[in-house]
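Below: a set of structures, written as structure tokens.
In what comes next, subunit A is part of two complexes: it sits with subunit B in the first one and with subunit C in the second one.
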Partner chain A sequence: MKLQVERDPLAEAVAWTARALPARPTAPVLAGMRLQADQELMLSTFDYEVSAQATIPVAADEPGTVVVSGRLLAEIVRSLPAKPVDLATDGTRTTLRCGSATFTLMLLPGDEYPTLPDMPPTTGSVGADAFASAIGQVAIAAGRDDTLPALTGIRMEIADDTLTLVATDRYRLAVRELRWTPVQAGLNMAVLVPARVLGDTARALTTGAEVAVALATEGESAGDGIIGFEGGGRRTTTRLLSGEYPRYQTLLPSEFSAVAELPAAAFAEAVKRVALVAERNTPVRLAFAPGEAVLEAGTGDEAQATEAIEASFDGDEMQIAFNPQYLIDGIGAIDSDTARISFTTPTRPAVITGKGEGQPDYRYVLMPIRSAG
Partner chain B sequence: MPDPDDSALDDSGCGILHVDMDAFYASVELRDRPELAGRPVVVGGMGSRGVVLSATYEARAFGVHSAMPVGQARRLCPRAVFIPPRHALYAQVSREVMAIFRAVTPEVEPLALDEAFLDVSGAVRRLGTPARIGQMIRAQVHEQQGITCSVGVASCKFVAKIASARCKPDGLLVVPAAGVLDFLHPLPADVLWGVGERAGQLLARLGLRTVGDIAHTPLATLRHEFGAAVGGHLWALAWGRDERRVVPRREEKSVGAEETFPADVSDPELIRRELLRLSGRTAHALRSAGCVGRTVVVKLRLASFKTITRSRTLAEPTDVAREIYGTACLLYEGAGLDSGARLRLVGVRVSGLRPAAGASLQPALDDRPSGWREAERAVDEITRRFGTGAVRPAALVGEPGGVPAPEGPPPPSKTHGEARILGNEPRM
Partner chain C sequence: MRLVIARCSVDYDGRLTAHLPAALRLLIVKADGSVLVHSDGGSYKPLNWMSPPCRLTEQPGRWTVTNKSGETLTITIEETVSDTSVDLGTDPGLVKDGVEAHLQELLAVQLHLLGDCWRLVRREYPTPIGPVDIMCRDAANVAIEVKRRGETGGAVSGGAVSGGAVSGEAVVSGGGHVEAPVSGGGGHVAVEVKRVAGIDAVEQLTRYLDLLNRDPLLRPVKGILAAQSIRPQARTLAEDRGIRCVVLDYDRMRGIERDDTLF
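This part shows the complex of A and B:
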């Protein structure tokens, strides 16, 4: 293999591909990044769960395929000066030259490198930025507890041209609907994608205008399915999660007894401030009355904080308590200057949405905290 | 008994106390059976493999000592009264004794149920000299618990421990800071901590019989013979140097229950049922104490006596049997027992306690507003009025009497058509 490539596209592609490197490789070769040079340079990583592949449109002087330490390559490329990079393989080593710096990397056994899963046929496509922000909005509510694996996923529901993303850790539930362009009309299906992978993917795939989503579940049990995302010369696949997902629709309150609207940024700032005195697992308490919301945290035995902010409020006076972090997550996730909170009772879930007419495309459902007296 | 007010005893700088109960288990048993006082009494396992756990000084006079097979003790002292152990009782007495210590100083380091180090240097102004404090503790233990203890008073831990052993039973011994070497050096070498059987043989081979002999051996020789660490340690102790501080350990805040099966059990259904019962008792105890806890601990003792403990910390503290039981089942299933493994004992415990009042609770979205907590509180109330076992989980209905009455949750009702997020519904 022999080729020359500009530093910037190489650095970006290597950094992106390196994200899928396993922290604890189950086989030494999986710590490697595969470089395939021909009409273009293709970089790959794979740990049998997640694969990542980036392509740089640069033709090789001599085609070839090598596997080198991914971590090391990423660190080296990140530190290079802004000059063209020469890559050349000689026997068991690859030499990387950039400016007056020369690195020699040992090759990992390329024939032991696993075959990356094929990208399934494209199911549909969605705007990269919209997709990334939608995933960011729901990923915050995904569970992190590996003993409930289904909850560590984001559920993607496809109903013709509507894509619904759902995540819940049992204490809050985030639902986002967005339009997408399915390849085939009338498609109805739902899959469960690891939230961590999907979150990473969303952040990383924004270089292209569109993300192609590719699903393979048919004819196999759900656990064997994979999902692929492709856009801007990059693609990633991940295994789908299996397991039953809660019937979240029944958790979405449909009727409300009160609605408050607050300036989102000021509200989030106020919650952060009063939460400074809220000890672990203790709530921030909110009292809503027409024109005003009073936030409180802490106890008489310890420190206390209180702050009042302007709020429009419609309904019976409401006193309710939330986990401050969950509340801040929700306020931060709405795509609006005004946060609208809809209540039923102080012990039933409240719903945070942005301000707007009709059915909001994003809903963050939060279970209040109760005092265990 | 040495007089603590003897002006010859200079206890200044002797802030460390080692308090050791005298023949603890046997003394506790004698409390309930005063007619046995003055007779040789042995507490020990009654089975064929039982060993002596505790023996009165009358029994020790016949050569009976702890860890000796009970059979051998019977041969040595056929007249002795043999009593099976009541561990729960000893633990209870121990807690009360430790509470006496903790009223003196928070710096209490329990070594076992029946002994502890106390650093009383901070209590001198309030309560008097270390010797006086030692005497006060002895008096309180005797008055409140009806058993005796011995107290060693010294400037460091290991000297205090040796001192308490040398004034037993029912004694108090002060080793003045200036008199440590006079006290230590004539003692046999094996009083030093860390002298096991092998080191003891080595000491004997080197002709080092007393602590003084060790002290006067060149450090290099000790290091050469015992290794750098052990050699240096022996030499430091022989010169009365022990820098270890009293490390207070808070009383473990936990609530739990355990049950030894009459016969070993391998049926997972029976084990789960026992976990259900124990979870009910634990939750009831939590609610009675007004506490909630975050960490559920399951103890599984195999027929071979191998004991497995598994714990899991919940996202939210609980006092609900259903939640404790659900976690206990996960822990049991995840313990990696061979199928058919026979269990001798199971236990359920909740730690990480804090007062329920003021504790806030993050319910899950799919928790019903009136859930298990309310149901179990209702059962508490029924139990209070109609007696234990008036209401019990369906799985425990029809159990024979004599078992500790379950104060667990009512039978689960199937709720159809209601959303339940995965994982919070323990299998019955």
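This part shows the complex of A and C:
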């Protein structure tokens, strides 16, 4: 293999591909990144769960395929000067030259490198930026421990041209609906994608205008358990999670006894300030009355904080307590200057949405904490 | 168990000599003969003590405790505030890892946490190198059969479909030994239950699986490591060996109701 490539596209492609390198490779070759050079340069990583592939449109002087340590390549390329990079393979090693710096990397056995899974047929496409922000809005609510493995996923529900993303860790639930362009009309299905992978993927795929979603929907490979995403010369596949997902629709309150509206940024700031005195696992308490919301944290035996902010409030006076971090997450996730909180009772979930008419496309359902005080 | 609260001074004479000036203290005389002098602090640690075998000689105002090597603990009592004796009977002993035993018991009756339609063979299933916590049979093979013969008109029940999802996971992680249907349906699965699973738990289960898989009536036997928490290294090793990892929620299994969650 022999080729010359600009540093910037190489650095971006290597960094993207390196994200799928396993932290604890069970076979040494899995710690490698495969470089396939021909009419274009293709970089691949795979750990049997997640695969990543990036393509750089650069023709090789001599085609060839090598596998080198992925982590090392990523670190080297990241710190190279802004000059063209020469890659050349000679026997058992690859030499990387950039400016006056030279690196020699040992080759890993390329014939032991696993075959990457085929990309399923494209199911539809969605705007890259809209997809990334929607995933970001729901990923915060996904579970992080493996007690209930299904909750570490984001549920993607496809109903014709509506894509619904759902995540919950049992304490909060985030639901986002967005439009997408399915390849075929009338498709109805739901899959569970690991939230960590999907979060990373969505952020990294914003280099292209559109993200193609690839999911086996029928025939032999249906339910094969992988999903693929592709955009801007990059593609990734991941195994789907199995397991039963809670019936989240029943958790969304439909009627409310009170509604408050607050400026989102000021509200989040105030919660952060007041929460400084809240010991771990203790709530911030909110009291809503017409025109005002009073935030409180801490107890009489410890430090205490209180702050009042302006709020429009409609309904019976409400005293309710939340985990401060979960509350801040929710206020930060709405795509609006005004946060609307809808209440039923102080012991039932509240719903945080942006201000707007009709059904909001993003809802953050938060379970209150029963406050002793 | 005799508990005496007294104003006393204590002199120890043995490998070293030590003196405690007069003060109110708790003197404990245990049934095994040990004598301990406690102050109202210092947690579990006595100020001075004599371990059995030793002999306590009581004279008015003076206790002398002597052990085999001739060391003595002399307690000079100025005033006795209280002197009580209670027969505590035989102690059942410390049950180590009571949680682990309870987890095993709970999991044995909640096999649905591992997969739908799984059946218990028995707890503490014997092997030549010690008992396996839980031996059970999965629904995987049944589901696979239904799936493969689906075209010939076999009805796919809801249970079989979800069993199929479980088997799909097992195929990938278990190195693919699902082809042979076991009579009675369901392959054997050996479950090792731990509070915290480390590398040694994986090694332990691997040894059991090695032995169990030599039995033609049992094999193929798959493995599950079920624990409240699984160390990342242990998970990597287990999954590399085709052992499935399951994280258990003890509170939920015990049926402790929580009021701070959505469901």
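Basically, the second predicted complex is superposed on the first by the 362 of 373 C-alpha atoms of A that agree within 3 Å, B and C clash if a C-alpha of one lies under 4 Å from a C-alpha of the other, contacts with A are read in each partner's own complex, and residues count from 1 in each chain.
Here is the rule we use: contacts are C-beta pairs under 8 Å (C-beta built on N, C-alpha and C of every residue); 3 or more make two chains touch, one makes a residue touch a chain.
A quick note: this is a predicted structure, and the numbers were derived from the prediction, not measured.
Trainee: Superposed on subunit A, are subunit B and subunit C clashing or fitting side by side?
Mentor: In the arrangement built by aligning on subunit A, the partners subunit C and subunit B clash.
Trainee: I'd like to know which partner A:E244 touches here: subunit B for first, subunit C for second, both or neither.
Mentor: Touch partners of A:E244: subunit B and subunit C.
Trainee: Would you sort A:N188 into first (subunit B), second (subunit C), both or neither based on which partner it touches?
Mentor: A:N188: touches no partner chain.
Trainee: Applying the document's definition of touch, where does A:R370 land relative to subunit B and subunit C: first, second, both, or neither?
Mentor: Both partners, subunit B and subunit C.
Trainee: One more residue to check, A:T299. First (subunit B), second (subunit C), both or neither?
Mentor: First partner only, subunit B.
Trainee: Kindly classify A:S100 by the partners it touches after superposition: subunit B alone (first), subunit C alone (second), both, or neither?
Mentor: neither
Trainee: Which partner does A:T282 contact after superposing on A: first (subunit B), second (subunit C), both, neither?
Mentor: In the superposed model, A:T282 contacts subunit B only, not subunit C.
Trainee: Subunit B or subunit C: which reaches more residues on subunit A?
Mentor: The partner with more contacted residues on subunit A is B.
Trainee: Of the partners subunit B and subunit C, which touch A:D146 in the superposed model: first, second, both, neither?
Mentor: Only subunit C; A:D146 stays clear of subunit B.
Trainee: Which partner chains sit in contact with A:L173 here, subunit B, subunit C, both or neither? Use first/second/both/neither.
Mentor: In the superposition, A:L173 touches subunit B and subunit C alike.
Trainee: Output check: A:T115 vs subunit B and subunit C. Expected answer is one of first, second, both, neither. What do you get?
Mentor: In the superposed model, A:T115 contacts neither subunit B nor subunit C.
Trainee: After superposing on chain A, check 147-155, 201-209, 237-245 or 255-263 and name the one in subunit C that bumps into subunit B.
Mentor: Clashing stretch: 255-263.
Trainee: Of all the subunit A residues, which ones make contact with subunit B and with subunit C?
Mentor: 145, 147-148, 168, 170-173, 243-244, 246, 251, 347, 349, 365, 367, 369-370.
Trainee: Per the contact definition, I'd like the list of subunit C residues that touch subunit A in the complex.
Mentor: Contact set of subunit C toward subunit A: 162, 165-166, 168-169, 172, 230, 232-233, 236, 239-240, 245, 247-249, 252, 259-263.
Trainee: How about subunit A: which of its residues touch subunit B in the complex?
Mentor: Touch list, subunit A to subunit B: 145, 147-148, 150-151, 168, 170-173, 243-248, 250-251, 281-283, 299, 321, 323, 347-349, 365, 367-373.
Trainee: Where on subunit A does subunit C make contact in their complex?
Mentor: 23-24, 26, 145-149, 168, 170-173, 223, 225, 239, 242-244, 246, 251, 347, 349, 365, 367, 369-370
Trainee: Once bound in the complex, which stretches of subunit B touch subunit A?
Mentor: 292, 315-317, 319, 330, 356-367, 369, 373, 418-424
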